[in-house]
Amino acid sequence: MQLFTIIDILGTIAFAISGVLTAMHKKMDPFGILIIATVTSVGGGTLRDILVGKLPVSWMLDMTFIYVIIATTIFAVVFRSKLKYFRRSLFLFDTIGIALYTTTGAQIGLAADLHPLVCIALGMMSACFGGVLRDILCNEIPIIFRKEIYATACMVGAAFFLTLQNFDIDNTTAVILSGMVIIAIRILAVVYKLKLPSFYNNEDV
Amino acid sequence: MQLFTIIDILGTIAFAISGVLTAMHKKMDPFGILIIATVTSVGGGTLRDILVGKLPVSWMLDMTFIYVIIATTIFAVVFRSKLKYFRRSLFLFDTIGIALYTTTGAQIGLAADLHPLVCIALGMMSACFGGVLRDILCNEIPIIFRKEIYATACMVGAAFFLTLQNFDIDNTTAVILSGMVIIAIRILAVVYKLKLPSFYNNEDV
Amino acid sequence: MQLFTIIDILGTIAFAISGVLTAMHKKMDPFGILIIATVTSVGGGTLRDILVGKLPVSWMLDMTFIYVIIATTIFAVVFRSKLKYFRRSLFLFDTIGIALYTTTGAQIGLAADLHPLVCIALGMMSACFGGVLRDILCNEIPIIFRKEIYATACMVGAAFFLTLQNFDIDNTTAVILSGMVIIAIRILAVVYKLKLPSFYNNEDV
């Protein structure tokens, strides 16, 4: 799928840049920055592949993403002071990226005959756990455990994708429809500053 | 084994609640709480399955535990202020849980023809590394590396279980006997506040 | 290869001692110290084996390294106050250790028919990610992401090793030559206090 490859690359770029920014915030050296960019980009898919036993993991078999990550890292380091002008584009790339990764993860679960709940978990992990690994390597509590509707959007989108399996809809359409659900939730959440309900009264969160 | 399934569920409940409490202590949102509960419950078995190559990992193939974890998480969040009244039960569930997980892990090592020392390591990891992953995701040094006789009880129990393999004892009896060793050590350690010998003189540990 | 086994054991000793020292610095108990020593020693190879699907992971199939790690941990704890006298030897063991692990990792990638860039990544991970896991378990940002030419030496050595594959050189010679490249870079970097270029102006790194 030509379109999906382009989205995949845009998502990889957004993930890599988020890795570069976090790593530079922690004052890592060039090697550390490259590793964090890579882990952010491929970490979610790697965890998914390991859990279902699809080994070697997929990023080792397709050089496109390695090249994209290396090029993005160099670009992001060189133009780091200009990155703020791309914030909106990066948010968009990231959002359509997680939409694609979620449905990819869910499809891999379906192909392995796993339970729908497990497919939802795999979809969510593919999209979100690169960022979780990034935060762990940077010695932070993963941000998606604390703030924002991000993983939740992926889980809703994955659930929608699995529901669509019961209807006579071709796969590409199902991916696009579910992806649009994720993108819509994510954009609404950011525009209206939506959060999951909090159980805590104090303000220091 | 009916009995073992019940113990497995009780252990899962205890692990999930410990995850919920740690996550809420870190002020995570509902999604983060669910993830930490899940990781605490299934993390040890997941690591064991990955290391020996039993993929997809076992929690993906048996929905019971996913349902138990989700239900426990909702229960624990709703009744969080009441959880202190269950502390003793939770300690008991946790303790018989690690007893079961240790012997399960050791048995998986035996089935894969691995060396007894590796079986002990697998048993200990199955029981203890969910908590290690929980602590890492919550940005803490794993508590079992610092305090209490916990992993040590599992290792002694696993060693006992492997010793029993040399005798003409049926598997269920061996599991129960070794489990009782673990439970006894753990309870004695807590009652008498036993710790592993420390190499540090200062008191700030 | 007799020589390579000796180097492997010396490297394991150096890695285990680095784990013991980090764990004791964090005031861990004996169990925690043993786990950190083990993870530092076998973590890189474990990650490599998981990513390419060589399961069960290799340290589970060869008891030598478990024995070496246990013996080293006991030795290092008992003689911890004397370890500073061995600093130079430990540096040397560590350096020839990473030289060997890098080429081993790259060879496993070659055997699995993976792209040269992936083989370089596997070589670097085999040598360096035990230390990364050590630092994560000890709640630190991995040191190799911040300081020193360490992983970079491994990547250059791995690239050299892969280049040598195009020539008519027997494997042992290629391993030794590439290992010498890594050792030379590492020693030069330490002697001349070389670092990767930094992007940060302030001095607090």
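A, B and C label the chains in the order they appear, each numbered from 1.
Basically, a contact is a pair of C-beta atoms (placed from the backbone, for glycine too) under 8 Å apart; a residue touches a chain by one contact, two chains touch by 3 or more.
Worth saying up front: this structure is predicted, and the values here are computed from it rather than measured.
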- When the CA atoms of chain A are placed over those of chain B, what is the turn angle between 0 and 180 degrees, to the nearest 5? 120
- Which is it for copies chain A and chain C: same residues on both faces, with over half shared, or different residues? different
- Query: If you average the CA atoms of chain A and of chain C, how many Å lie between those two points?
  - Reply: 30
- Query: chain B: which residues touch two or more other chains?
  - Reply: 50, 53, 55, 136, 139
- chain C-facing residues of chain A, complex: 23-24, 26-32, 35-36, 46, 50, 53, 55-57, 60-61, 63, 66, 77, 80, 136-139
- Tell me, which parts of chain A touch chain B in their complex? 50-53, 55, 112, 114-115, 117-118, 132, 136, 139-142, 144-147, 151-152, 155, 195-200, 204-205
